[in-house]
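Each chain gets a letter, A, B and C, in the order it is written, and its residues are counted from 1.
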Amino acid sequence: MITLSSDFGSPYPAAMRGVILQASDARIVDVSHEFPRQDVDAAAFWLREILPYFPPAVHCVVVDPGVGTERAAIVIRAGEHALVGPDNGVLLPAARELDDAFEVFEIDYENPESITFHGRDVFAPAAATVHEAGIDDFERDDQFLLTETFVDLSFPEPTEREDGVTGEVLVVDDFGNAITNIPGAYLEGHFGSDVTVNGVWAPARRTYGEVGEDSRVVTVGSHGNVELAVNQDRGDERFSVHPGSRVRLRWT
Amino acid sequence: MITLSSDFGSPYPAAMRGVILQASDARIVDVSHEFPRQDVDAAAFWLREILPYFPPAVHCVVVDPGVGTERAAIVIRAGEHALVGPDNGVLLPAARELDDAFEVFEIDYENPESITFHGRDVFAPAAATVHEAGIDDFERDDQFLLTETFVDLSFPEPTEREDGVTGEVLVVDDFGNAITNIPGAYLEGHFGSDVTVNGVWAPARRTYGEVGEDSRVVTVGSHGNVELAVNQDRGDERFSVHPGSRVRLRWT
Amino acid sequence: MITLSSDFGSPYPAAMRGVILQASDARIVDVSHEFPRQDVDAAAFWLREILPYFPPAVHCVVVDPGVGTERAAIVIRAGEHALVGPDNGVLLPAARELDDAFEVFEIDYENPESITFHGRDVFAPAAATVHEAGIDDFERDDQFLLTETFVDLSFPEPTEREDGVTGEVLVVDDFGNAITNIPGAYLEGHFGSDVTVNGVWAPARRTYGEVGEDSRVVTVGSHGNVELAVNQDRGDERFSVHPGSRVRLRWT
């Protein structure tokens, strides 16, 4: 199985599918091609949330603002999974979540047909090669070179305060829910109460349905983090936040 | 075969795919993840139109504004098909279309990992279980309990009048065509003539191509209902209607 | 393998998937359902760029502003590939790219269920029939009639000038890159220099990454043509062009 993730929209991912299907009978499963454009942090977040739900697979990821520059291409083996993508940190949070004892390999790729479409010319062929060689074994192909040097990426940590906690918005999902870096555990003991978010009042509840339609709510999303939401509307707009915004939660 | 339908956009459906692939080798086919947000009626309409074109399959559907509340989760067996989703009526028109002698089972699910993502934690696992157990046989698993109690849903009926018919817009498709609840048979005898729609003149024609580019047309869509359209433009805007709008057709 | 391409968005392609799956166990692969609406030229361009990356397959294409009129439905055999779609030229550039010795067959289809959804009622069934009969052999089914008459389509040629070249924008991709009909070879000898585009200065570079963020750049895209781009922003907006816009490149 090979999964595909990118910020390409349509139709560029189709060329990646074609290239893989020329080289492999693998089942191809799309994770998303709608990741926010060239936003390495957002893609890294979603991959960490989603890939652990998959059975062993080769995960081919292209969110790559540095395409055409000197950045390396890598494969990471993490447990029974392999992740293929650019060396810009996008794979690291997911790799660490899948298996902390991951190994990183640099891909010694030939000059690609296009300097701007490594998804088609570098990453899709590498994913097919890893899949055909086997996730346990692919480094027998000497284009994959074990390395200790790679770009890491981690999400910012929230800061606990006497009367609350300060974090930031990591991503906004398609529903407009603003997902923060604040672990949901911080809300325990406050469900049913009101809190303030950047000075604005909002009820802390276990789920959207506990507040009226169109009402703000601070809750814990399916990813386990604190989320700023509005029941049946967009939380990002109603809390005036976007990725990177500071979020000051204060217990009241 | 397992089909997936939701209003999730991207990337949440990927977690559902992963969960299913952990439990089953079923072929997974997307129906849509772009159903209008939390619009149970629109999803019910599309499912009724589309699912009958599929071979026997388990259809997993998540359009679920009541997630996190007490609403039940159900499986419906309708002929050779099974439909899995929330007990909010979204499955009923399709079930009835597939086989009027359908049976409804409540899913006795364990506490899900997330209170807000039953697609991943309740419906996808249930769909995989139904698929692996077999559509004819899944109730041997005692998590599926035959029930006579479920939320039903039906579409409003149009009202015939002396000089026409009054109905409403059920959904607007991606092309901007406003699809009404008025059966296409009402237009028979009027093709080639003009009618009025909420007082505005428009030609009744068998297809868009019979009017000039950018011209309004009242026609019968692929679903068999009367549709308000504009050749190569959006009918909803040009007829000033949206889902729920009253549509008064008058023969002239 | 059957690939699907359309301008349908969602959820109409699902009915095509269902129809095919009733008739065939073929693997179904989406190319795109987000082609610009009813834009035959744009779809023809993308198909020519993408289909050659696929292994032998039946490619079912529905970008069909003439649906419901008298336009024919055709299958083209081009090398080991078959292309199924409307006779409006959309298949021709891809067919010619796959194999210049292509053959065209008219489909003698029965009256479809819907006059406006030939994707579901004509093209999907025809694609399944071609797949099941075999790409080498499908014309044994007498619904496929070899023909010399079909609508052709070719892209405009650029005009070389003493001090540059004049072409036009063929399509704008999801990133906002404006893809022209000017072969990338014209930029050889100018990389590293500045050029003007419709009188506006811009650097010619081999890749986006060679200019600063938010800067205009004239480059060669993955399709081999000259592209007007902005590093991490939309080239179409910053160069004030859209499909069909004249593009005058002048060396400086």
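Convention: a residue touches a chain if its C-beta (ideal position, glycine included) is under 8 Å from a C-beta of that chain, and two chains touch if they have at least 3 such contacts.
All values derive from a computational prediction rather than experimental measurement.
Visitor: For the copies subunit B and subunit C, give the interface type as same if over half of its residue numbers appear on both sides, and as different if under half do.
Guide: different
Visitor: Go ahead and align subunit A to its copy subunit C using Cα positions, then give the rotation in degrees, nearest 5.
Guide: In short, 120 degrees.
Visitor: Based only on mean CA positions, could you tell me how far subunit B sits from subunit C in angstrom?
Guide: 31
Visitor: Show the residues in subunit C shared as contacts by 2 or more other chains, in ascending order.
Guide: Answer for subunit C, listing residues that touch two or more other chains: there are none.
Visitor: Which bits of subunit B are touching subunit C when the two form their complex?
Guide: Going through subunit B, the ones touching subunit C are 1, 3, 5, 29-35, 46, 49-55, 173-175, 206-210, 219-222, 224, 232.
Visitor: In the complex formed with subunit C, which residues of subunit A make contact?
Guide: 8-12, 14-15, 17-19, 21-22, 28, 37-38, 65-69, 113-117, 120-121
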